Structures are given as C-alpha cells and as structure tokens.
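Per-chain numbering from 1; labels A, B, C, D and E assigned in written order.
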Amino acid sequence: MQRIETAMIEKAKALLSSGEVTRVLGWKKGELGYDVEPCVFKSEESLKDFCYNVFCGANLSKYLVEESKKEGKILVFLKPCDSYSFNQLIKEHRINKENVYTVGVECQGKVDPYKLKENGIEMVDSAVETVDTVTVKGKEFKKEEIILGKCLTCTKKPLSYDDIISFNEKREPVLDRFETVKKLEAMTADERYAFWKDQLSNCIRCNACRNVCPACTCTKCVFDNDNSGIASKANSDSFEEKLFHIIRAFHVAGRCTDCGECSRVCPQHIPLHLLNRKFISDIDRLYGEYQAGEDTDSKGPLTNYTTGDVDPSDVFGGNN
Amino acid sequence: MTNEALIPVIGVITDIRKDTPDVKTFRVVTPDGKKAFEHMPGQCAMLSIPGIGEAMFSITSSPTNTEFMEFSIKKCGCVTSWLHACEVGQQVTIRGPYGNGFPVTKDFKGKNLLFIAGGIGLAPLRSVINYVRANRADYGTVDIVYGSRSMDDLVDFKEIEEEWKNEKDFNVYLTIDRPQEGWNGHVGFVPAYVKEVNIPTDRTAVLCGPPIMIKFTLQALLELGFEKTQVFTTLEFRMKCGIGKCGRCNVGDKYICKDGPVFRMDQLEELPSEY
Amino acid sequence: MQKIGVFVCWCGSNIAATVDVKKVADVLRLEPGVVISETYQYMCSENGQALIRNAIKENGLTGIVVCSCSPRMHEATFRKTAESAGLNPYMVEIANIREQCSWIHKDMDEATEKAIVLGRSAIAKLKLNAPLTSGESAVVKRALVIGGGIAGIQSALDIAEAGYEVDIVESSATIGGNMAKLDKTFPTLDCAACILTPKMVDCAQNENIDIMTFSEIESVKGFVGNFKVQIRRKARFVDEKKCTGCGVCMQKCPSKKGKNEFNMGLNNRPAIYIPFAQAIPNVAIIDPEQCLKLKNGKCGLCAMQCQVNAIDYTQKDEIIEREYGAIVVATGYKPISLENFNEYGYDTYKDVVTSLELERLMNAAGPSDGHLVRPSDHKEPKVITFIQCVGSRDTSGCGKPYCSKICCMYTAKHAMLIREKYPDTEVHVFYIDVRTPGKNYDEFFRRAVEQYGVDYIKGMVGKVYEENGKLMVQGSDLINNEQVVIPSDLVVLAAAIEPNPSVRKIATMVTASIDTNNFLTEAHAKLRPVESPTAGIFLSGVCQGPKDIPETVSQASACAAKVVGLLSKDKLKCNACVAHSDETLCTGCSVCANVCPYGAITYVDKEFRIGGGKTETRRVASVNEAVCQGCGACTVTCPSGAMDLKGFSNKQIMAEVDAICKR
Amino acid sequence: MQEMNNEKRPLIVAFCCNWCSYAGADLAGSSRLSYPADVKIIRVPCSCRVNPMFILKAFQRGADGVIICGCHPGDCHYTTGNYYARRRMSLLFSMLDYLGIERERTRVEWVSAAEGAKFSAVMNDFASKVAALGENKRLEDLRCKE
Amino acid sequence: MKKIAYKNLDLLYKEIAGAQELYLPVKVAKATNFKKYEDGVEVDIKSLQTVKSAKDLFFPQSEDMMEFKTSGKNIEIIDARKTPAPFVLFGVRGCDLKSFEILDRVFLAEPVDTMYKAKREAVTVVTLACNNPESSCFCKVFGVDASNPKGDVQATIVGDEMFFEPLTEKGRALLDSLKCLEDGDATAVEGEKKAIAEKIDALPFVNLDLSEFKGENLMKLFDRPEWEDLSKACLGCGTCTFVCPTCQCFDIRDFQTNAGVKRFRCWDSCMYSEFTKMAAENPRKNQMQRYRQRFMHKLCYFPSNNDGEYGCVGCGRCVKKCPQSLNIVKVIKKLGGKNND
C-alpha cells in the first residue's frame, strides 16, 4: 500500500510543478505515527512530510470551504467517504469547484488509534497495510479488529473525480450500518433512555463533532448565536446536551453523508453517528433510500415530499 | 477584595441624559442613594441587566464626585441598547472598580496635560479631566483636543462650553469632521487638528478614541516631537470577569481588565497587536 | 422602554360569564412593560375602539394586547384602530380568550387563570414585535373565471359589465353547465334554456369576455393581483375560429355511437358533434375515441364536407399563459355516483333514473323530444315513484352528510309537471323531510300535493326490485306506520350533488382551502361568504356549498362585486409578515429556496466587511417580499437560523412558549 | 406511571396553523366543545413554521406534551407547507422516541377549519394520555422547575 | 504506610464514601471521568487518564454564581454559591496534581476566587503513581514525577496491592479513619517507583527543549511564521481546552429560568471564534491567532507572569484527543529550541 502514497506524491508534484495547482491538501506525518494531521502543502519540497496511510482518517473536504475561496487552484485527495461530503458541499454552494482539483484515492479502512491501544499498541513507527490486514510493530491485525467504526460499515464508492488513484477493489463492509440503530430500536423506551442518558452525560460540549462535521458549515452556529434563542456554551443542565445533539442531528438530517467524523473525534467516545444514522435509516424507511452527497443536484429528503408520505403517528418502529 | 467581586451590588439609575443621538449618560447610585464604590479616573465598572448581559464601561464621572457615578454609553450592542431603552428608576447591577486607571498621582502629577479624544472616546477622559479640575494645583496647563463626526455627536458639549472653557489654563480645541450649519468652530479630523494647533511637547498626552484615530494621532504626536513614553491611551476589549481570571482580555502577558486598560504607548509596543 | 396597553373585552357575557375579566386586567397590569390595563364590555364596538385609541394617545403606548375573541375575527379591526391612533398596526396582539377559553371552560378560576396565561403570552410576543410595513404590488386588471355554468357566466358578465376583461375557462365543449340540461326551473316553471341561453349569448358577444371551452387549468402561480395561470386548451380537432356551426359534419359522420353527454348518455351522438343546439361557442368538436380518422386514419368525411376547412386532425393540446388579478372558482357540481346505493337498482334497471336524467327525458330537446317515456321500452310510464335523499343527509358513510338542498324543490317540480302533462300518471314521492324555505317555495310544494295530488310518503325506501315487469319500490310509511310496496314503471332517484371532482386539484393550485366534503371554504361563513381565505380567490356557485339557481346567481354577482372591488385598485398592499434573511448568518446553501412554494427566494452575491478593512463576497438568500406569503417553511429548513419570519419570528414564538410554560 | 396530582396539572403546548387548525379550535369554541384548560394554543402561520427548537424549548420550559396541528395534507393554505411539516415532525418525533422520550408526549394532528369536534376530541385525548404519563422527566430542564 | 488488596478496593471506596463524598475515575458508557462514587458505578482506577481532568472538581464546567429576581424596575440578587462539604478526590495522577498548583496561581491570586478556594480547601487528594505511562506523556518536561506525586495521600499500586502513604495532616487523618486498611511495608513501593521512573525516562517526549519559551522572547515567538502551518488543520473546537487540566478561561452567562435569572460561569475556550468577538471588531480574527494565543499563553505569557512556571503539565490529553492530531508537542518541537530536532 506504500505504492499509493508514492503515486499521490508524484501526482501532487506534477500538478504543482506544472502550475495547474498552487496548493495540495493532504495529510502530514505526525510525531507518534498515528497522529497524522491534515495539511496544506505549498511546495514540492514540503511534500517530504506528506503521507497517506492507515491513520489518514480525517475528512479533508470541509477545509475546502475556506481553501477554495483563495486565489489559485488547490489539489485535494479525497477518500470515497470524503467525496460524498465534497459533493454535498458543492450542492450547497459552499465550495467553489472551479478552484479545486480532486483526486480520488483508494481507502480500505482507516485505523482507530484507540482500538490499537486497546490491543496494547501505543506508539507506531510504521504500519504495513494490505487490503485485509494491518501489521503494526510486528503484530498482524485483521482490519475489522482495529479500523474506525465508520469504516466497518462503509459501502461508499468513489464518486466523480478529476483523477483517481486506486490499485485494489474496495473491501466489502464488515457490518450492516443500521445494525446498532436497529438494536436500539428494539430496546424498550426506558432502556433507550438509559443508554442515551449515559452516553450524552459525558458530553463536554467541546464542539469537536460540530466543527469537524462537513455539513456544519454555518457562518455562525445557532448555538453560538445569542439571538437564536438556544445559544449555549456548556451543558449546564442535562437538557442542554440533548438539545444540542438533537438539534445538531436535525440540522444535518438529509444532508449528513454518514462520514462518521463526529464519532471519530468525540473525546468521550459518544457514538454520535447513531443519531445521524437514525435519521438516515428513518429517511430510507419512510421516504425511500437516499444517500446525501451521491449527487450534486437532487432535493434532499427534508426539502421534498410526496403527497402520500406516512403520517407522523405511524413512523415509530421498534419498541415503545 | 475577594472574588465576591464577581457578585455585584444593586445600582439605581437616577438620571439619564441624552448627549448625542447615540450616546446617553446614566447616573447610578446604590438603592440608599450612595456611591456604589470609590474609584480612580480611568477605572471601569461592570454594569449588567439580568438576563440581558454584563458589560464593562469606563466610569465617566470624576472620583471627586462623592454623590454618584456616571457612565456615558454609546448604543452598540445588546446591553447598551437595553440601557438606552430604560427609564429613570431602573435598577441594574454594578461591580468594580476594575483596571489600573490613569496615573494621576504619579506620571501625571505636576505635568502639563494634553487630552485628545474622538467621539465617545471622551467618556473615560472626562473622569480624569474633572479630577484634574478638582485638584487644579497639582497639574499644569491642560489642553483638550476633542473631535467628533458632527456637532450633535460631541459628548458633554454643555459641560465643555460652560465649565471647561472657563477653567484657568485650560485650552479647549473642538473640531467636527464635516462643515455644518450653526458650527463656527474648526472643521477637520483630530490628527490634523493636533498638528495644526502645534501643542508644545512638554505635555503628557492621553489619547482615547477609535483605533484609526489613535493610530493617526499618535503619528501626528510623534511628528510633533512627542516621545511614546509621554503618551497614554486606554484600550477597549471584551471583558467578562474584570479580575484577570477568565482569560478573555489576555493579550501577551497582560490582562487588560487588570493591568490596563490604561497603557503607555511604549508598553503597548511590547504587546502583540491583538487589541 | 415599551409601553404596553392591555384591553380585556367582556364580549357581553360571552367572556365575562366564565372569565373574571377584571382579575385578568389586574394581573396583566403587573407585567413588566404594561402601563395600562382596562376592561370594556365590547372592545370591538365604536366606544371600545375609542377607549383603545384614547389610551394609545394618552399613554404613548408602543403596543397593545387585546384579550378578546379570535384574532381571525377582529385582529384586522384592532389593527385599524391602532393605526388610526398612530400606532403601527403590527404592534397589536390578540389573546384569544373567547373561542379558546371562555367558551370551552366552565370553571371560572380555571378559565381566568388560562386567560391570564394567554394574555401573558401575547404580551411576551408583543414585546418582540417590530413595526411592519407592507410593500405594494400592482394589480393585473383581468379576472379568470374557472367554470362556465350559470355561476361562472353570471360572475363573468358582471365583471365584464364593470369594464374589466374576464376569461371563462370551461372544461367541457360548451358553457352552460348543468343548468343548460334542465327542463323547467322552480318555482316559476319557466324554461331553463329560455333564461340561460340569452346569458350565454351575452357572454359570447361581450367584448370583455374571452371564452375558452374544452380547456383546463394547468398551473397557477403568483398571488393576489398577480396570478400567472397556464391554461391547457385541449385539442378539439376543429378550428374554433373557422367553424360556423352549420352542423353538416354531424350528419355525414359515419361513427354515431358516442354517448350524448348532454343527454346524460340517454342517446347517442356522432364522433363530431356540437354539444347541443344553443351551445356557446357553437362549434363542433371531435371525440377522438369515436372518430375513425383519428383512431385508424381511415375516413376524413367531415373534413371533406366542411366548407370552411375547419377540421384539423393534427390539432394538439396547447398551453397558453395569462395573467390575472383575481380568480373566480365556479366549478359547480355533479350528481354523486350511485354505486354505493345498489338497493335502488340504478345500475341494474334501466328504468331507475336520476332526476337529472329525468330532466332530459322531459326536455323538448331531449332524447325523446320531450315525450316522457321510460328508457327501457320507450313506453309512457303510468306509475312513477320518486325517492328523495339518495346519498344526501347520509351519515352511514355511503353518501354525503349534508343536505343537497335542491332535491325537494325539483322533485315537486317534476311531480307537478308530470301530473300536469300526463294527468293519468300516478306519482309517489318517498321523503324524509320536505325542506322548502325560500320565496314561494313552500307554496309551490303545497300546490304539488294539494292541487296536483302527488302522493308524498314519509319514509325511506328499503329496496327496488323487479317483479312481473314492474319495479317494486319497497319502503316504509312512517305516518301510517306500515310497509308499502309500490309497483312502478319508472323510479326517479334524487341523487345528492357533490362538488365537481376537479375542484380539489384547482384548490391546490390556487391554494384555496377546502372542506372534508370538497366544498371550498369561504373566508368567513357569514361575513365573507364569497371569498376564499386565500387572497384573490373568490367562490361562485355550488363549489362553495349546495344551492339553487337564484342563490347561485346572487352569489355569482356578489362574487363579481368583490372581484371588481379588487380590480379597481391600482396597487395592493402586500403581506407584511414575510420571511427575510439575515445576510450575516446566511451561507447561501439554497435549502430554503427548495421549500418555498412561491419561488420567492433567490440568491445574490454580496460583499461583506469582515473586519480589518477587508471584505469578502458571499452568496446569500434574498426574499421577494411581494411574492412571499409568509408560510415560514424556509425558516425551519435553514440550519443557521438566518431565515426568519416577520411577525412570527423565532424569538416571538419562543417568547410565547416561555410565557405559556411559566407557572 | 405516576398520576399527576391536582396541583401539578399537565401542561400542553399546541401549535396550530392559522388557516385550518386554529380556525378548527375557534370552531370548537363557538360550538362550546370543551377540552382541558391545560392546552394552550400558539398560533403559527403554517405547521411548517414549527421549528424543532420550539418543541424542545417547550419541553425545557416545563411542557408535558406538545402537539402540532395543521391543515390536512393536500389542504395547506400554502399548498405544501404541511407536507414538509409532516416529514420534519415524523423524523423529529421518531428521534425523540429513539432517545427514549415517551411517544405519547408528542403528536401531530391534521384538523381542518370545519373540524371543531375533532379538535376538541383530539385535545381531550392527548391531554388525558399526557396526564397518564405524568410529569415530563426525560426532557426537562431542572433549572426551569426550581 | 498502609495497604489494601487490590480486589478489596471496593471496601475502601465504600468506607470513604460513607464518611464524605468520594470522587474517583468512573467509567460511564465508554469514557472514564472523575465522578462521584455511588453504589453500582464502574470504578476505573487503573485507567491512566480521565478524559476530563480533575480540575472539574474545583472549577466545574458549569457553576451557578447568583440568581436574580426582577419585579418592575427592581432587581434582587441572591447568592447561589454553595459551601462544599469535605470530599476526597481519589486517583489523581501527578500531572493533574501539578495542574492544581497552576490553577491556584490563577484563582487564589488576589482577588481570590472564593468558589474555587472553598473547594480546594474541602478536598483531600489521594494521588496515584502512574504504573504504565504512555507515549503521549511528557509530564517530566514540566518537573512532574509521575512515580511520586505528592498529594495528601500518595497511593501506589504494587502487584495486587495498593499502598498508601500520608503526606499531610489531612492525609493522615483520612488514612487513620479508614478501618479496612492494614499496615504495609514501604520497600515494595520504593521498587515500584523506581521502575516507573525508568519507564518514564524511556518515553519519546521526555526530553523536549523549552529553552526558547521565556518572557523576553515574547514578541519574537509571537511573530514566528510557523504558527500558520501549525494551526492550519485546527477546527477551532474546544477539545484541547476542555480536556486540559490547566486551561481556566471561563464565560459568565445568564439563564432565564421560569422564576428569574441564573448567572453561572462555564468553561470557555480561547480557540472559539466568538471568544474575543466584540460588537464591531474581533481582535483575533482567524484561527491561527486563536491557536497561537492558546499555546503562547501556556508556554510564554503564563510563565512570564508566574516565575517561569509553565501553563502545561505534560499530561498528553491534547495529544490524544485533538480531532486532527494537533497538539502542544508539535508546537514545542517547532518553536521550543534547538534540541528538539
């Protein structure tokens, strides 16, 4: 899999030197192996720190909201899931596509450093990846043991690119993405309440989920806007953690591409994607399957309707 | 003083004076008619209306006024709009005093003083000017250069005309940005006027006004031969706690609410320009 | 600081009997911002309004809350009151303490407490109200009448007479509607055609009237004063301008098996036909289902015969777009389908007919040239039994819950006419009640019974069955308390009438509200009976509710008067409660435009200062206030909260929520 | 399930669209069809004006049930507003259910201007179901209840 | 020296909690944070680090200060500060303990923050040596000895036993009150400490060079061009701030209750774009400036006001928690001095 990184660097160098792009949005090596960070490279020379490996989980598309406003074209590498976010942002006029050169890159699932740690691996010098395995510090792991939750269920296919770098067929997802949602739906209301009470009580309102979310690109979020009526900074009451997450999920409903960044970045490991997936699963169930970001022109399910839509009294699935 | 400082006391607005179309001066006392606390010129206080918010304002009245405090407030945000809409008798909460204030007993003492203000920038200077008037013997000549957009936007016009101009060794120079009917005085921007008046460099200068005015006036003063160590200004910044803990007004190694808001120009140069 | 006045209305005893109005006023007086709080017996009366006006002036009020009846009743009244006292009309809020409080609660304490909460909620909202001004829009001086029956004809004539252009769009091939099919009209027994056809001719000849028959409404966009309507002119395969209505083609046409719609399908007509002799326009039309040329390309006789070359087999539907200032809906009615009433044998026996079919059977221009014969064997019936309320006043779910209103009278008419023309015919009428309010109506009915000896039997019919070539009508006679079976030759069903099925589609297009029976809803049942709640849409005739011809004509004229009143204005005030976008928050993501039913939202690139003397260009939403109707769909779809609705802002509604929940 | 005692009546916030349901409520009033005083109506132009924020805010402030009433689908005064409202509320209420909030605390009903009787019946039914659930504990803000 | 078998720790917790409130690392859902000990909680004492630091106990994320009741034009102020009951904070690691000193310098400086002070005085801190420090740990750089944290009581896990040594009067009183403890021998503890110290010395970041971070370099550091690249990926969220044991920025906010107005303070973050925003201007307009502020404050501004004491304890929470893997180590490596290469 080293091959793909080399190919990407070559591509970046070629585009920089030809002047077709002025900047490259990609990932940069960290200090501990797993702490790879998104980075804008401005010269061929700076690409020495460029990397693309199993730790490049971060979704780069949101950076383009600002980057595409700047002078000159930027090259961006998009994993399949990032490309859905990219498309959705194009649809919402948040990215100036003229200024972006997109290169799709193969992804066979990215590693979750926390899962590595649970498996006793802390620092990583190098990781060797195959389609199905990752070998770290001489220990071989099956992908499903250590990849990010969002990657376990990923069915996303690369969408239209200016260019694509891919050498292998995409892995099949290991899990059905609605499995946990269904499990929760099957619980009693009391059990569900207890589950979410525990989960959300950990929320520290750091806003990482919001700030990383490619669907949350508001100039000013309603929660930061003292005029919105629901502004809040800390969960001063358990109500506020619910308010924040319900409203946030609702605001991205029909627009969320299920990129899973919210759960990846949550410092308290709250499975926030389960909120978004509930909306997605309801949308699929009630209004027909819809994948946000699959195209750049369709009407989202919440800005659309059919006269025969189900009545709100009949939407409840699962247990009461 | 302890962090009881975060717990305010009640203040009653006993008088509201409309100075300019968007500036009103509020007189505040405690419910039993006293001054809420003593302060020095240039110091600030936190006024708040529960449910609306809390904001820092410089105390406009002089410490020598023993009866009440005054705040000249320009309508620009939530709290100020609310204050502008309220009536005499309204209670607010007040805490303070905060900040270092002007060095009236140190650097200023025995000096000739030059006050330069633009618009609402006169508010913090009014306190020190009236303090100087009350302790006239401790200071030398006082020059005041004050400008605003128009005649109507000159704060405290009445006090300036009726009292300051009649004070001994007080020279008051007023200017407005554009010519206006009924105005016989100077027309032009403050920095240019400062140069025009050609004030001797033996003054200790105090600047207050919008950032752009400060910038050009300082330049003018330097051109006239002033040293940066002779020039003071007072900064505006978003503050919350007022006691150097909440971190909001931290710039470099200074907390504006505690170490400021009054700074000498050469001190400011040692700070990152994030104010 | 706000100065709010609270005015609590007693509404005589309507409110004061269950709500302690004095206490409401006293409690609300203590709310911050309230400077005056008073009660009065009838706040909407001139004296009550004067009280409000004076209070506004004397106290310099910045807003008022009226605790009274529903805002749907008197909001406009009090807004005018406020305006006349120099207050912006939108600085008025109504707390509905009658319909939603005093009238539904019996306990005084409970009702008073609720009234106080509703008052607080109105005060909380009012504090966030901003003075609003409505924009203005021009009025297109032309009206559209949908439906060419007597209602549409009368409305169109009156509007045209007042000097405005008006288009009639009729879905069938001629105007005239149901009335054209009638024989005689009650209670005067004059011939329907004699009084209707002159009006039809007037329409055709009036320069201000443009008749579009065989046409349907395709889409309606816009708003009061500025509707843009697409009209589908269906292909009739005959050039309307060329055809002289000579009728030669009809005689030559070899395909003569089309059901004659005008005669309720009781006889046949050729594939090319003129609906009836006095049709307007008097122009032929080809039924493509019947026409050999159109079906298999072989024939073309009519084209050969036509002296003016009016036949055009290649004609296609055409869509035209026109602008109107007002729209009259006059879509009329049709008898209900009788499939739910098998007990009467309508589908089984040819000699069970509906009243409208009977009209044709008795009409001189009908299938039997006015000679009353029964459809099965064309013999004169000797015993005729009428069954009333077939599908009317029916709460079983098979029919309609309402009274169709016209059946009692037309049945009396039929009975009378039959007895007059065929005195040896026995006539029985099964009825539930006979309802004959109206000028000369009851006299008319009594003549049928007393003078013409019609046998009225109070009771319902259980079933109709055939026995020995007779139709046996089995029913109960409630007065004699016995079962009766009447062997009849002809059975006539007074089928209920229902709104034309097309009305639902039209109502959706013009955004008029419609009730559960598909009758269009009037803006006010008593005070605004000819207007729809949607501005610029007016209701004429049975589409609003069952009515007879005189009523229909009066309503049509009333409707025309309203239309003329609207068209006579050069400018209209727009809705002031419109959406607006806070451009500092808007990201230009376009979701709001997706849900706007009026296409009121567009996007513009705008420059913004971003501090430090820099600017940036951003795409932001912009609302066309003349087009926005203020539904608020955009406000909820906007994630950043940039879109808000004036008069119903997020903050206002949340303030109401807060006030209601405070306890 | 705890019964509400008399001092603590359930509080129900009803958002009614101006054209149908608010008029339906008026008709219930003019027909003297009673329903509990616990129901307090907020008039909105259309059911599509109801923002999930309002609903959560109502619960935060102490409401025990929230009901949204609009024109029957197809009869919206603004043509399509209630279709959007229907989707939004379907998803929102399903989400609240997913979080373990009692289903009976939220409801959407289509009430036309002619359905005064329905309005009254719906409110009676909703109020009694909410009362049976007892106080709203799962979406409460304790600060508002002190 | 006292000790208890590891498997009997629950007895200890119960005994402490029987006398006063006990706070210790508790796992709820998938995250471990300091929470109150109650029956049935899942204590996660071995977890090296809680997500939120122990500062939460003295400077909680949200804390009521006062209430206001208004009627007409009048306002009534009601003090809402609560006097805390004595409590035990159990399982504090060396880095978090060090952070208390740093917070003390802020909150106990004149004018003293009474809300903070009351809680600091009410606490008995039981520290716990770090048996298994992680690669993200660099507390040693800031003078913390994670093998020997000096709280009121020092606890050390050795094998299947936990040893306790009182270091203050408060600590002694706590230990004396506990009946479930038995006497223990110090030798094993010394050995463990030594072993830990060796592990720490082998960590990757223990030799970070901080020599450039000093008051006189303030403007020079401020103007370094590297900030642009360092902050590029910053999302402007508050994760680093909220997991940081030394960050102490707060906001004061009002909440309208049904009865009046509650004024509370809550954590704020200098990383938030709204942090310094005023009506018309924002002195820190872009994320680079906000990012720089946070690290300059910890590494330069704070020490220059506090006798060279850094505003960082090297706990490594930001290293582990930053969504985009930005962190203070990367800043120190770039700007701290020559020896970082």
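Everything that follows uses one rule, which is that a contact is a pair of C-beta atoms (placed from the backbone, for glycine too) under 8 Å apart; a residue touches a chain by one contact, two chains touch by 3 or more.
Computed from a predicted model, the values in this text were never measured in an experiment.
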Neighbouring chains shared between subunit B and subunit C, ordered by label: E
Top chain pair, ranked by number of contacting C-beta pairs: C-D
Chain nearest the overall C-alpha centroid of the shown protein atoms: D
For subunit A paired with subunit E, centre-to-centre distance based on mean C-alpha positions, whole Å: 30
Whole-Å gap between the CA centroids of subunit A and subunit B: 51
Distance between the centres, which are taken as Cα means, of subunit E and subunit D, whole angstrom: 46
Contacts with two or more other chains, residues of subunit A listed in rising order: 222, 228-229, 236, 302-304
Per-residue overlap in subunit E, given as positions that touch at least 2 other chains: 70, 251, 255-256, 258, 268, 280-281
Residues of subunit B touching at least two other chains: 86-87
Interchain contacts, given as pairs of chains that touch: A-C, A-D, A-E, B-C, B-E, C-D, C-E, D-E
Contact set on subunit E toward subunit A in their complex: 28-31, 33, 51-52, 61-62, 134-136, 204-205, 229, 232-233, 235-239, 241-243, 251, 253, 255, 264, 266-269, 272-274, 319, 321, 323-327, 329-330, 333
Touch list for subunit C against partner subunit E, complex: 32, 610-612, 658, 661-663
Subunit B residues within the subunit C interface of the complex: 85-87
Contact footprint of subunit C on subunit A as seen in their complex: 69, 91-94, 216-222, 225, 227-229, 251-252, 255, 299-300, 302-304
Footprint of subunit D on subunit E - complex, ascending: 255, 257-259, 262
